[in-house]
Amino acid sequence: MNITVWNEGRHEKSIPRVTQLYPGGLHAVIASFLKPVAEGSLIRTATLDEPECGLTQDVLDSTDVLLWWGHMAHDEVPDEIVERVYTRVMQGMGLIVLHSGHLSKIFCRLMGTTCRLRWRDDTYERMFCVMPSHPIAQGVPEHFELGVEETYAEFFDIPQPDELIFTSWFDSGETFRSGCTWHRGYGKIFYFQPGHETNPSFNHPTIQKIIQNACRWAAPVNTRQDFSCPQMVPSLEEIRASK
Amino acid sequence: MNITVWNEGRHEKSIPRVTQLYPGGLHAVIASFLKPVAEGSLIRTATLDEPECGLTQDVLDSTDVLLWWGHMAHDEVPDEIVERVYTRVMQGMGLIVLHSGHLSKIFCRLMGTTCRLRWRDDTYERMFCVMPSHPIAQGVPEHFELGVEETYAEFFDIPQPDELIFTSWFDSGETFRSGCTWHRGYGKIFYFQPGHETNPSFNHPTIQKIIQNACRWAAPVNTRQDFSCPQMVPSLEEIRASK
Amino acid sequence: MNITVWNEGRHEKSIPRVTQLYPGGLHAVIASFLKPVAEGSLIRTATLDEPECGLTQDVLDSTDVLLWWGHMAHDEVPDEIVERVYTRVMQGMGLIVLHSGHLSKIFCRLMGTTCRLRWRDDTYERMFCVMPSHPIAQGVPEHFELGVEETYAEFFDIPQPDELIFTSWFDSGETFRSGCTWHRGYGKIFYFQPGHETNPSFNHPTIQKIIQNACRWAAPVNTRQDFSCPQMVPSLEEIRASK
Amino acid sequence: MNITVWNEGRHEKSIPRVTQLYPGGLHAVIASFLKPVAEGSLIRTATLDEPECGLTQDVLDSTDVLLWWGHMAHDEVPDEIVERVYTRVMQGMGLIVLHSGHLSKIFCRLMGTTCRLRWRDDTYERMFCVMPSHPIAQGVPEHFELGVEETYAEFFDIPQPDELIFTSWFDSGETFRSGCTWHRGYGKIFYFQPGHETNPSFNHPTIQKIIQNACRWAAPVNTRQDFSCPQMVPSLEEIRASK
């Protein structure tokens, strides 16, 4: 399984705390804890300031699961790159959208809604698993303490998830649907709320476990190449005539 | 629309605070605020200690929506009555299960799961609406303060709801899927978490509004009388031959 | 309830059979059988070749439910009009997409998928109701004969419907998910497959019944005006301090 | 992964064609093609006429995925065995219900509906995949020819599936939701329609592939042992006090 971790990579350039928490940037740390999932296959990273955002057609064509972290520069991702990612999801590529990626062009494009939510600065977060039978929840307890995290709150304007796996509680008085899946085309999408750039959530072992599980779940099971109008099913008469 | 409010009615006999909050019992108060929904039709109440639990075949056959509140005596509802209610849901009757009714025989029968949850005594509850486009949410704000209520917490062992409409936040550190719908047979079911017998939730105008909306939503749109193996669809050849 | 029926209106100009079947155009006939739903409110029609496609901001702002029929000229609908409709769905407006509208810009925009399907020319269609408890199925039998209709077949590349209400059988060997709902933002969407321009489906009483039901179901229950980042929920401390 | 294939095993005793098609019985053939899935673990079979239906507590406790084929003797399965299977599903065991098992006690118990459907004798069946991104569809084409099979038709009285993966077309004029999943407790359930005892569907390579996939999908990801009221989540105050 080939995994590509995309990170906007801008906060790393201006906020020292980000690279203190995440040496080499968020993408480097995420790629690092995903090594056990790739099992010898490619784990690559890509960032906004690379040519073509690091997401050339070749890179995407050889990516099974793409992770996406973005925040302050969603608008700087060219529409052409967004369509390239969109097409790959239609073809079967898995997509895992992290934290503030909820307002990325690609997530909004796939959801068909505004994807807006309420938020406030750091409070304290606890996560609950509401679908323990789901592969993304494998080995995850029914609830666990995440600790300090940016607060996201409902109403989160997303399509009703195909599966709601995690909900979150915040000390300041909010709930949030924090782990959600959708099927789109031949691809699968997982949105996961933790991961503000100045908080240590990506160093939390249960968060790492969940993202590892999500990569395995999101890997393609079938792929589609052709997007022209699909060939008609032969009629029964045609089938019988051909025998 | 004929509505029947079923209440176990036992706490009312031993805890003075219940009838102080709810004169005449929970069923009387609930029936009272549902009058605008019935619009001249029957609103009846029924309790555990009446003959046949107040749910004779005649009563059920003329009920469009049944509300269910039970807590300490779930096991005393005879299986025969449970099957009678179950059959009516299959036929199209709406069912609204309130608060501790989550462990009632009829709810577990319709869900096919244990319906267990975590709980603790009163803390403070705030509700969020996560599906504002649903008719049960009509006129309900995106969030509102419920106040003191018994704490229910995940993991709530229910089938994934067809629609998750409300989630709740509790001061002591819990979230809960507090307003959920399911389709079963020709009937519709709404589970709604507020309503501990010693708390004033049923006097809260937004809670009343939600339960009123739920009755309108749960009313039958089609009904089924026959439970034997349904007649086969005529084959096209039969249809053509008959013309 | 104000209803607007949008029709591309091009086939009417070149294929005599269309206006023979549907005098005044598809929009005129659809608007006509929706009169009982509007109950004295506005029923308007709009077509592609009117200024702004007939969908001025004023028209959309006063529309509760929009119906959409398009086929050969999806690309001629300006993106600006598509965004206008999209914004209205986010705000709460209901949208009913008919037949070949599955490839309209607005439907693809709201689904986040290609919305492609298999098709062949006219065969014979029979519809089945798989969710008889849904308000859109009110008064609709468990199966009924539609007759000659253009054949649509799976795989239909849509997000898993929130509710699958109708499935269809075609004589030539195909099945199709022919009646589907989704929630998007504050709005509700119903896709319904029958209605090729040279077939009489919109004159079929059960099809008319279903579209009438769908209008009632899709009407807004709540509306949203503001799309900036929503105001944060007050923290409990703030609430307590304010009392 | 330990797999147990349960088969009623009665038709095999009276209809020669069954054992001609399926030497050793349906259970033997199904167990045979599941060997690649178990990868060295136990594959066992169990039938109605064995003591305790072959489903002793020990057998069930060591079963990860149970397959169920029954038809003429659903009522002869003792309620005690049904509850034993039910409890194991709540604990996490996967359950795959085949063909006429739709009326088995255990399936109805888990669904909470009548699970009735329309049917007629053999016609010709074609299957469509409507969720190609699902692991149960891995390697399965968008449509394939099943051939002669007993006809099942809507309305199939089941809860709306969590995932609808396959739909079927029958020559005589019917559609059917033929591959459906549900989550119940910690367990996962797959219903799959093909497999009448006198038809060769279980010898069809794509059918075998789907059932193999379903076993992998249904295997437990987490398990639950305790069914008493779960321990409360510690409050934040308790957590902070303990540090």
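Some points to look at:
Letters A, B, C and D mark the chains in the order given here, with residues in each chain numbered from 1 onward.
Basically, a residue touches a chain if its C-beta (ideal position, glycine included) is under 8 Å from a C-beta of that chain, and two chains touch if they have at least 3 such contacts.
The structure displayed is predicted, hence computed values, not measured ones.
Because chain B and chain C share one sequence, their contact can be compared position by position; here over half of the interface residue numbers appear on both sides.
Contact count check for B-D and A-B (C-beta pairs in contact): higher for B-D.
Across the assembly, the mean Cα position most removed from that of chain D is the one of C. Taking each chain's centre as the average of its CA atoms, chain A and chain B sit 36 Å apart.
With centres defined as mean CA coordinates, chain D is found 31 Å away from chain B.
Annotation for chain C: residues touching 2 or more other chains are 126, 131-132, 142-143, 153, 155, 160, 162-163, 173-174, 183, 185, 230, 233, 236, 239.
Of all the residues in chain A, the ones that touch chain C in their complex are 90, 109-114, 116-120, 153, 155, 157, 159-160, 162, 172-174, 182-185, 227, 229-237, 239. Against chain D, in their complex, chain C makes its touches with residues 126, 128-132, 142-143, 153-156, 160, 163-164, 167-170, 173-175, 177. Within the complex formed with chain B, the chain C residues making contact are 92, 124, 126, 131-135, 137-140, 142-143, 145, 162-163, 171, 183, 185-188, 220-222, 224, 230, 233, 236, 239.
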